[in-house]
Amino acid sequence: MVDTSDEPVVRVAVAGASGYAGGEVLRLLLGHPRYRAGRLEIGALTAGSNAGSRLGELQPHLLPLADRVLAPSTAEELAGHDVVFLGLPHGQSAALANALPESTVIIDCGADFRLRDAAAWTKYYGTEHAGSWPYGLPELPGGRDALRGARRIAVPGCYPTVASLALAPAVAAGIVEPTVNVVAVSGTSGAGRKLDVGLLGSEVMGSVRAYGIAGAHRHTPEIAQNLGAVAGTEVKVSFTPVLAPMPRGILATCTAPVRVDADQARAVYEKAYADEPFVHLLPEGVLPQTGSVLGSNAVTLQVAVDADAGLLVVIGAIDNLTKGTAGAAVQSMNLAVGFDEAEGLSTVGVAP
Amino acid sequence: MVDTSDEPVVRVAVAGASGYAGGEVLRLLLGHPRYRAGRLEIGALTAGSNAGSRLGELQPHLLPLADRVLAPSTAEELAGHDVVFLGLPHGQSAALANALPESTVIIDCGADFRLRDAAAWTKYYGTEHAGSWPYGLPELPGGRDALRGARRIAVPGCYPTVASLALAPAVAAGIVEPTVNVVAVSGTSGAGRKLDVGLLGSEVMGSVRAYGIAGAHRHTPEIAQNLGAVAGTEVKVSFTPVLAPMPRGILATCTAPVRVDADQARAVYEKAYADEPFVHLLPEGVLPQTGSVLGSNAVTLQVAVDADAGLLVVIGAIDNLTKGTAGAAVQSMNLAVGFDEAEGLSTVGVAP
Amino acid sequence: MVDTSDEPVVRVAVAGASGYAGGEVLRLLLGHPRYRAGRLEIGALTAGSNAGSRLGELQPHLLPLADRVLAPSTAEELAGHDVVFLGLPHGQSAALANALPESTVIIDCGADFRLRDAAAWTKYYGTEHAGSWPYGLPELPGGRDALRGARRIAVPGCYPTVASLALAPAVAAGIVEPTVNVVAVSGTSGAGRKLDVGLLGSEVMGSVRAYGIAGAHRHTPEIAQNLGAVAGTEVKVSFTPVLAPMPRGILATCTAPVRVDADQARAVYEKAYADEPFVHLLPEGVLPQTGSVLGSNAVTLQVAVDADAGLLVVIGAIDNLTKGTAGAAVQSMNLAVGFDEAEGLSTVGVAP
Amino acid sequence: MVDTSDEPVVRVAVAGASGYAGGEVLRLLLGHPRYRAGRLEIGALTAGSNAGSRLGELQPHLLPLADRVLAPSTAEELAGHDVVFLGLPHGQSAALANALPESTVIIDCGADFRLRDAAAWTKYYGTEHAGSWPYGLPELPGGRDALRGARRIAVPGCYPTVASLALAPAVAAGIVEPTVNVVAVSGTSGAGRKLDVGLLGSEVMGSVRAYGIAGAHRHTPEIAQNLGAVAGTEVKVSFTPVLAPMPRGILATCTAPVRVDADQARAVYEKAYADEPFVHLLPEGVLPQTGSVLGSNAVTLQVAVDADAGLLVVIGAIDNLTKGTAGAAVQSMNLAVGFDEAEGLSTVGVAP
């Protein structure tokens, strides 16, 4: 444990504190050693339509902040902080970011600055491209360096996080054809705290459904971007998201035509993630499960080769709200601000 | 509604009445119009280690049969019935079937007689091949004819049911390459009523996990057999089963390299299932969900083409215990005995 | 099975067909033997804001009616039917009922006509009392007679159904003090298909919460009314509803100071429900569970005496949408129209 | 944050590390600031039938300890530690405790030493009474003092924890009659990692059931003991446990005949828990939910008076594995060893 008592206090704000991403950022900050040591302060908490409410009404699990009242998500409220986390609806980040000083570390949990290809952005989001920011996935090749000292960070989408980490080593090493298939089963919090009949408990419990199939989901180009960058060539991505009856977690089944045998494939993954604190290749034969990473920042992976079908099969599990969103945001903050990358993040899940 | 009052009474037994398959067969039989008209009698109910128990202790949802006492699963107890359903552990069906008259309709919900390839059987089940029986999936080409009047029927596995119905039209029409990928998310009842730590409620709720990946699951050769027969050539199958926190239901995401466009693909499916009472191609853009087929014998499908990835994407949903097991068993009985195929089976699910 | 071929066709409409109550009425009607025999027709299906939609979009489990288009819930659309089921928001039934002929059987799944005490109505619902109709709980003393041939029927609330049936025999026989305590755990469909953050799947899964405590829930006076009528004296009711992470089912724990021993208490219940087709006193020591009555019209009860605490303890389970709403509605229809009371209703649950 | 670098290292063992209680103790220890500062060491991890297994196979959520191999639960393995947590089947603690030095802090998560009344023990557990140890519920009057420096501690049962904290202030202040009714809904992990058909996921999901009713549950005398001690007179307890489809959490509905009005009742609770770090009386009208305390050591309470029924109604929520077991164990360790009571424990839940 580092003695941080001489370090400057870092002041943090969260815009969108009433949503799931904002709530999870706050959960992690409350457990951050710097917060407990008084070296990290939780400043403004803001919201859209929920401004004026007590946080305790909206995030009753954050008891230490229950009496905080949400301010409106304006640049005025967010000014004067060293770090600002944004958990806003798509399209709202650019205006807010432009109104804040360049020196402020802005960490956007939304999609606005994830895609580098303006055409892909417009095709999938229907609006003008706002630009792209350093991408908050340190475990991708070169990812960590781009985040150290960064002042603007785009947190990856939840599906791209696990799909990219599951496939990047294989694609980078060229042990698969650049044609990948991802079927990822997610808990419902990935859809956000959105009033939608299809997200009611009565509808989701006891039922599984696919959505956004055949390339329609907005995370498709983001996966392709990440893998393409790693491969140095275009990677074709088939992506099918599936909604399962649980609040959190993503389990991704990723396949691609394989050029090596199982041992060679495993060696590639062992090497790729040997030093990563949050990406764990499980022992042979042990399969990831989302329940084991609940609330943790860990990514668990298993790699196999289906010799009959000629495919690499990689299974990956994350908590979509932690490593898939808020954990990546805090990990990125740590890198941007100069903290130890893993501070306040855990590989211990809450189970059963 | 047919007047059945002049028809002979059909006497039915269920071996393995304390398991999930046996329980579901009984649930369907209790709702069968012939049972309610007194033309179908529920005779012997047998079990293994549960013999001697009241059915009400083990299947409390079957109130009308609560006071029945389970007999041992012996040929003596099962003799004297017109139809015998078997819901036994793998490997126990052959001996019992051999001890019953050839005229008895035996409908095996287990795996013993599903595979025609003895080598595949031995590779996946580790024992000697017992043979193969007519396969209880009437919706496959030629499937219905094989079942009319049959005296021995092998009920398909739950995953092969939905995967085969989802892919057979495409494979038969040659609109895809014979290389298919199936990722299927199942409720826990598919594992049977088995004492296994990994199936405890505390372990499965809030968690999703894959198992039997990379060709290890026993349903892989069964899917390959069904699709190969339809294609007239070998079909390579990659199959990944995933366990989700719900008791029932399977949602399968099936992909294959496609040779046609979306309209052509849709036309193939419309034609294939136009007259099928239980297989429903949903309107364009509407996606299957397992909750909608809970307790029903329906299969719901959606077909799309991912042009960027060059894949046909077919999503299928069934209830693994109904259409995936006991519904197929009753449907097969109806065909074998000469009832209307759909009697006692419904396309109405229990939702929400 | 009765031969109904000479009987007149009964024409049924459902107002509020896009809600959970309306959907469950339709599910039961589709399985009603009269429907399958062509003697019961499903006529107008109407809705409020969902008018104009295909039923298949809103109730995808009702495949045989998927292509029906919802009409607006007006008297014009509902005219010309023998039976009209109402599944409307509170306060909308009276106007619609007044605009339909007196000869039409109107079965209201809402609360408007349940309470006989105008003051209680106004205290709990805040509006003027619309009156009271025969109460659709045939198993209460005198309940059945009031429903035979009735033309207006108020379907009981879901909690009052199970609480009243669990306590009525004891209260009627005077074996308890008229001071009862009901803690009832319900699935989420009891709240209706309502867009409410607290009903989102992400919020309800993995969590249990009480609501409407200390007499605040509107079902409190309805339970008191039912038990008071049976007792012939005022019965004080403490009622706590609890929301559990499942779509359907209510489990009620009902206690009252007891004046007899366990055998005497059991005898009272055995006698009270000996001839009831849907109310089942389970064998001694066997406890009700909601999963066993899923989709069924059964009420399962267990009775015990806690000698140390001096309390009668009655546990009751129902499916809130079936016996708690739509099953009671169909049971009431059967009585009103002169069908056999149990037609189209089952005591077989869908489990596991 | 206290600088602990000069303090002696505390060495901790966990017996029963493959169970839910042991796993949760380890989860909390891994997050304990003393562990992260290197001042608390996790020593022997032992198990019964699972001895010899890697912890990663059994507790895959504890990634940092995945490679630890479980030793057998013998005194030899547990010797040489400052603190030993026991998560053993009932009846096994005494022998092990007797074989360890008196100076070792032994914290028993099992029931063996909870009851002070030998007759009550024998009535409920059927064996000879092993004695009683200081009771690990610091928030009860006098509870904290008994734990400071203690060398043997009995961790309370999960239901008694929430029921006692919910009712103790009222009983202590004499604002209710000493006749209380507790209906508590629990997640399935409270039953332990036990192979039992009734605990299979297929059985528990979608279903709620009561068990151990009418005074049969072993936690009944423990609740009576706690409240009786606080009241200074016998308190009659009616207790009904209910199993709900979620892994964790208990929501207790507690009632008793009340002698004061709502404001007076609230004042009693405000005063009782004003300085408690883990017991939170929620703002008026806000109701506890188990999801908000998932993984946290918090107890959330709400108090109301049902004037019509003449009852105090207290709703309480805890996580049965954290505050209900392992959190209380760690809290007790902190007091016994002289750490700050709240170290390593949080009031922040993991939600949604």
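Note that the chains take the letters A, B, C and D in the order they are written out, and that residue 1 is the start of every chain.
Operating definition for what follows: a residue touches a chain if its C-beta (ideal position, glycine included) is under 8 Å from a C-beta of that chain, and two chains touch if they have at least 3 such contacts.
Keep in mind that this is a model prediction, so the values were computed, not measured.
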{"item": "Most distant chain from chain A by Cα centroid", "value": "C"}
{"item": "Between the pairs B-D and A-B, the one where more C-beta pairs touch", "value": "A-B"}
{"item": "Approximate Å spacing (C-alpha centroids) for the pair chain B, chain C", "value": "34"}
{"item": "Separation of chain B from chain D, taking each centre as the mean of its C-alpha atoms, in whole Å", "value": "45"}
{"item": "For chain A paired with chain B, centre-to-centre distance based on mean C-alpha positions, whole Å", "value": "39"}
{"item": "Touching two or more other chains - residue numbers and ranges from chain C", "value": "20, 189, 193, 200, 202-203, 205-206, 245-248, 289, 291-292, 294, 351-352"}
{"item": "Chain D-facing residues of chain A, complex", "value": "1, 3, 20, 23, 27, 30-31, 33, 36-38, 54, 56-57, 59-64, 189, 193, 205-206, 247-248, 280, 282-283, 286, 289, 291-296, 298, 300, 346-352"}
{"item": "For the chain C and chain A complex, residues of the former touching the latter", "value": "20, 187-189, 191, 193-197, 199-206, 245-247"}
{"item": "Parts of chain B lying in touch with chain A, wherever the complex brings them together", "value": "179, 181, 183, 185, 200, 202-203, 205-211, 213-215, 220, 236-238, 240, 242, 244-249, 251, 253, 255, 287-292, 294, 302, 304-311, 313, 315, 317, 351-352"}
